[in-house]
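Written below as structure tokens is the structure these notes are about.
Per-chain residue numbering starts at 1, and chain names A, B, C, D and E are given in the order in which the chains are listed.
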Amino acid sequence: MNMISVRSASFSYDGVNVFHDINFDLEQGGILCLFGPNGCGKTTLLDNILGHLEPEEGSIIIDGKELGRYSHREIARKIAYVPQVHERTFPYRVIDIVVMGRTPYLSPYSSPGREDYMIAENALEMAGITQLKDRLYTRLSGGETQLVILARALAQNAPIIIMDEPASHLDFRHELLLLETVAGLVEKNNLSILVSTHSPNHAFYFENRGLPVRVAMMAERRIIFMGTPGDVITEEKMKRVFNINTKVFTGNGAENSKMKFIVPVGAANRGDSGEE
Amino acid sequence: MNMISVRSASFSYDGVNVFHDINFDLEQGGILCLFGPNGCGKTTLLDNILGHLEPEEGSIIIDGKELGRYSHREIARKIAYVPQVHERTFPYRVIDIVVMGRTPYLSPYSSPGREDYMIAENALEMAGITQLKDRLYTRLSGGETQLVILARALAQNAPIIIMDEPASHLDFRHELLLLETVAGLVEKNNLSILVSTHSPNHAFYFENRGLPVRVAMMAERRIIFMGTPGDVITEEKMKRVFNINTKVFTGNGAENSKMKFIVPVGAANRGDSGEE
Amino acid sequence: MKFKRIILALALVFAPFACIVLSAFLGRYPLSPVEIFHAIVNRLSGVAPDVGTNIVWEIRLPRAILGSMVGASLAVSGAALQGLFRNPLVSSGMLGVSAGAGFGAALAIVLFHNTFMIYLFAFLFGILAVALSYMIGRIYDTAPVIMLVLGGVIVSSIFSALLSLIKYIADPYVELPSIVFWLMGSLSSASYKSILISSIPVFIGLAGLMLMRWRINVLSMGDREARSMGLNINLDRAVVIICTTLATAGAVCVSGIIGWVGLVIPHMGRIIAGNDNRILIPVSMSLGACFLVIIDNLGRIITGGEIPLSILTAIIGGPFFVYLLKKTKGGGW
Amino acid sequence: MKFKRIILALALVFAPFACIVLSAFLGRYPLSPVEIFHAIVNRLSGVAPDVGTNIVWEIRLPRAILGSMVGASLAVSGAALQGLFRNPLVSSGMLGVSAGAGFGAALAIVLFHNTFMIYLFAFLFGILAVALSYMIGRIYDTAPVIMLVLGGVIVSSIFSALLSLIKYIADPYVELPSIVFWLMGSLSSASYKSILISSIPVFIGLAGLMLMRWRINVLSMGDREARSMGLNINLDRAVVIICTTLATAGAVCVSGIIGWVGLVIPHMGRIIAGNDNRILIPVSMSLGACFLVIIDNLGRIITGGEIPLSILTAIIGGPFFVYLLKKTKGGGW
Amino acid sequence: HTGTSKKDIQVTDCYGRNVTVPANVKRIGCLYAFSGHVVAMLGRADDIVAVVRGLKRDKLLTGMYPSILNASVPGSNDSLNVEELLSVNPDIVFIKDTIAGSKAETGMLNKFGIKYIVVYYESIEGQMRAVSVIGRTIGREKEAEEYNRYYRKCIARVKIIAASIPENKKVRLYHSILETLKTDGPAGIAAEWTGLAGTCNVSAGGLSDKKQTEAFVNIEQVLLWNPQVIITHEDGAKEEIMGSAQWSSVDAVKTGKIYKMPNGISRWGHPGSVETPLALLWTVKTIYPDYAASIDIEKETRYFYKKFFNYNLSDKMLKEILSGKGMRKSKNEGRG
């Protein structure tokens, strides 16, 4: 069953086209990694799927229903979101930020109750930041802030999570925790994950774990490659899109499982890449 | 010659100690990678070195002179800075942001001139974003914004560059370009680089290129390990600090050079890591 | 935790009542506590009223009640708009309601010289001003917050200018002093009738903001994130604006323009109770109510004359706020 | 590029001059262009002055010159403070200079009834208010920007309250109308003497801001980054504040409080010329000067009386601003 | 119009300035409402070329002298548009102290050789002196003296009546000016004439700031004063007091002794009123009818307007004036 289907979507900012004819499906229990150069339109595409921006053409179908036909509450129960950058405002406590994820489940004019707080604390634990619970979130480090926003999305308990570079400020351990948490959610709870990332190894990680993961490579204003990580993240395709030389290795990971990963080795030349 | 020397520095926020007894030296033409879990105090340490925060104890010596004895202009000619997050304000043009890096060279009440613009354009090119020159920087993607700020630091032409997670939002290609640019600056211009990062492979990259790079691993409120990437970024130490299992590989890189890199393979357990 | 919250809730409700009851004992007319006690009993038991009864029931109590309503409205509206606009410098009058109400009142003073019409015009023009700001804010859909605030600034200044125009052509002997006095704000016209008139919009507005207080938290995360957490941002933003407008217009139309409360009381609330609007809104309500009643009591007893409220709020509240800031070292910012 | 910039610079300098010259031809006293031409020549050639000469040289020109100075000061100060505080809603009066000046002027009206003392008191209290805001802003060192702005709000409201107090105790027939009129702002008292008085602080302030305009760009990057680019942020911030204070106080002390210009003209500048303060500051200067001279001309000729400037600025400027916003679809925000 | 000619005269204005004015001024500017009233009263309304806007709103005055509606309005009470003033070329202008206090404005007048007389007073005596100054300036000294004589006569009449009232019969009076709670301070002209009329003005004696001319007071303070009689000016003020529960325990309200003052050229008894003599008579007559039987207020009113404005009041007009209603025009009618 497809949780997200995008059909020939196109979008422009003030007349400048960002992408056109985007098509993909994300099935239940699947992971789609959105991958592509800076400024290729990943965030913009996610904004379109979230309803924050509206595609010029094409349609977006969430769980079998046209996006525009959902109420705001309904859609928030379907999709949780981790933004690329979060602009901090008032010095709220961390737990109060995280419990905001419960909003779509509250009756219109009520505040979160005890159960919501328990779910929020659980989310904090999943993100590995229980100790930050009562801190003011405006006084956290960059990575800590990102984990708070991640925990908020986890508390939203939605069948789809859209994440925009969720690991950009995370340390080695938290990055791995994030990947494991996501993998766990997909395996156990059958969640669907749409994640934009700059690290192809995230896609390999999921593939190495045997999860149904696909990679959509955005470039030249469209999705130019789409397929399994093994198919898309290849040395040639990387060279074509990013104009750099890479190497894909296969090694033995934990418990002697096979694991694949890619490493950059140098720029092919300093000319322009696929982006404009 | 040491460009940065930190001597038994300690710092607290509102009475809560972040780190203590920090000591290190960064020599001219050297690279120091600051590495450690989220919230371990990397940004705070950099703020101390930049003079934005003041250490409770200890001293910071820049190019042989106590930090406090520099004028603001002088210090900005010594150190350029790439912040971890930049809060956008008014919709300036990209080139106008980049040329701000020239401020320490302007006579007190003048504006940047033609030469400054040429240097700024050069910096844009080094960062690979010449095409963004006349765009409003509030309407860029996350990675593009980070590159603009990077270009601004490059335009500052300082012998020391302090970068706080400069590649967090960069794509594969721009990340590599950044590393190459930095390596080039160190090799050709003898710059000193202090970079905080979550990617140990950045350190390996510099090591693979044969540059004088060291890694300072922050944890437990101090620098617990310090040494070459090969010494510090080992499977055991990673396990000790981050509580995860990793694998260090050595492969053949470009032109058949040896290249080393580290890959996470799984969390050792979900308990707490070295941070608190 | 639960227990502490009940205590807090009780304290927040109790404090304004205590202030109101206290007010019955304060005033220029010398009444002993016993007399006041009698006055209260007399009225309740239907005995024919004497001076004391009148003073307590017709002067002191209505005034204190109105004061608490006005203070609560302004403070809560300010807190809510600060959250909505993610800008701690926003105050209850941001979207033009005060300027609009001032203009409406001046117009009514010049045209009718009738208290009820002053209330009505102040209220209607306050709402009209906000509606205009909202329309300007919608000019450019993708940046509504800054556009709304700029819209409010423009509309405020236009109404202020129109108000100046009325002041300028008003009869300097008859109308100008009335307008000036109205603009300075006063509770001296408090009566059960004015309480009744203002209570309808004030209660709708305050109740709405109490219900929306969680959503204001979520709205303060910014449009994109608030939306992703299930808010209909345009609707919810409009509801918050309507509620603040009703509450502020309802208050301002009977009390005149009382500055300061709608900006600084929310900040006192932030310092005391934190930024979570679930707590901040009720705390601001209670704080605003107590503050204005106390200030008005001071104004009533210091001299036999009437000192306009705006004067005392700032002169007494200002240094207190600076003290709070200093004590909390900036209070979380 | 270079050529375009020279053209732009010339236009910016030329426009206010054109407005000033135009003003010589406008007024209630009927003078033909020939007479005006004679008047100009007469004075320059030292012929004994007639009515026409006096009108042109003693009324119309000083007024237009003062207007251009005042408009330029307010607009530039607003633009500079917006950049400094990274907040587009800040206006020239943010740090309390207008409120302080208003209080000073009212005090002088009540105490001395002497124009020079009004100038002096307005100027000094304007500066005092900013100094107080600055002191409050330094309470908490690590969050100076929001503290400064809050400090400005508090100080403004305290001075406004004190002003209300003076209005309240002022003689309603003699002093109150003068205070009210002063507060509405007017160039009617323009003379070469008042030009001279205000020109010293205004020119120091404007020149300082012109010199600092690049640094305002850098300061708007936030404290940490501005510092890393070589600014002494405390010093540079103080210099900008001092310059805006001098310029605004110098203007306000002779013209009274003219709202709106210090907030909206910079935004017009942003829409027209972008946000780079190197261009925005001179553009705001030219725009502010032209705008106020034109508005004042309208005020002088629409009726025989004097329509206070604040009224016309908002009533004419407001819709124009909305039009600009609409046309540029929000102008970059 | 510079230089002294034989036909010039010297006038000492209310600031003690010696001003040389032409013996027969032709074009008169009245930039202070009171001066306009006096000029009209002294018979030279048709020569007024410049006024303040308020003057055009006096229904009775403009009814008597419609030419005032055509005069120019070169500014307000406290600021001038000199160009406009120049364009009507007045021989003399009367200005208020607010303008006189502004060096910029007077400097402008001096520069253009516009002669001006400052009209200013703080007491009844001063008011009469101001009338004399205006009279001398416009060549109507005789008429001015006649008015002042009448003024003095009225004062004398009410003084005699007041003296005949036993101390214990004198009433506590509350004078509501515009809003119900705005009243006289100790320093104003109103405090003076209410005292002359034999009343004990509660606020004139009961406020601490002795320099105040008017003040807003607290309702409890009024209850504490407990006035026996209240006089009001504004439409609706009486009704508001009568209808308010707050005022219900005031003696005057209980006994219904609330009266609205008449309004003619100006509100009688207002600090800038030329009808204060009438206000004196009306007040004693209204408050002490038993002691003031000699006063027939209708007759006095007819006499006053006939004598000083040469205007025969119709019965309807008389009633309107005494009822004090509707004597000022709304804004739109007043503009011209």
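The rule is short, and it goes like this: contacts are C-beta pairs under 8 Å (C-beta built on N, C-alpha and C of every residue); 3 or more make two chains touch, one makes a residue touch a chain.
Note that the structure is a prediction, hence the values are computed from the model and not measured.
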* **Chains in simultaneous contact with chain A and chain D** => B, C
* To do: Select the chain at the greatest separation from chain C, using centres from the mean of Cα atoms.
  => B
* Asked: How many angstrom between the C-alpha centroids of chain C and chain A?
  -> 45
* Using mean CA coordinates as chain centres, what's the chain C-chain E distance in Å? -> 40
* Asked: Centre to centre, by mean C-alpha position, how many angstrom separate chain C and chain D?
  -> 32
* Structure fact -> Shared-interface residues of chain E (touching two or more other chains) are 53, 76-77, 216, 272
* Structure fact -> So chain A residues touching two or more other chains come to 87
* Of all residues in chain C, which are in touch with two or more distinct other chains? -> 88, 168, 172-173, 177, 333
* Mind giving me all the chain pairs that touch? -> A-B, A-C, B-D, C-D, C-E, D-E
* Structure fact -> Within the complex, chain C is touched by chain D residues 87-89, 136, 139-140, 142-143, 146-147, 149-150, 153-155, 157-158, 160-162, 164-165, 167-168, 172-173, 176-177, 180, 184, 259-260, 263-264, 267, 307-308, 310-315, 318-319, 321-322, 325-326, 329-330, 333
* Structure fact -> In their shared complex, chain D is touched by residues of chain B numbered 47, 50-52, 71-73, 75-77, 79-81, 83, 86-87, 89-93, 96, 100-101, 103-104, 106, 109-112, 136, 138, 152, 156
* Where on chain E is chain D touching in the complex? -> 53, 72-84, 86-87, 96-98, 101-105, 107-108, 111-112, 209, 212-214, 216, 271-272
* In their complex, what parts of chain A are in touch with chain B? -> 13, 36-39, 42-43, 84-85, 87, 128, 131, 139-144, 147, 165, 168-177, 180, 198, 200-201, 238, 242-247, 249, 251-254, 259, 261, 263-267, 270, 272-273, 276
* Within their complex, state which residues of chain C touch chain E. => 27-30, 49-51, 54-55, 57-59, 110-111, 113-115, 168-174, 177-178, 181, 188, 191-192, 300, 303-306
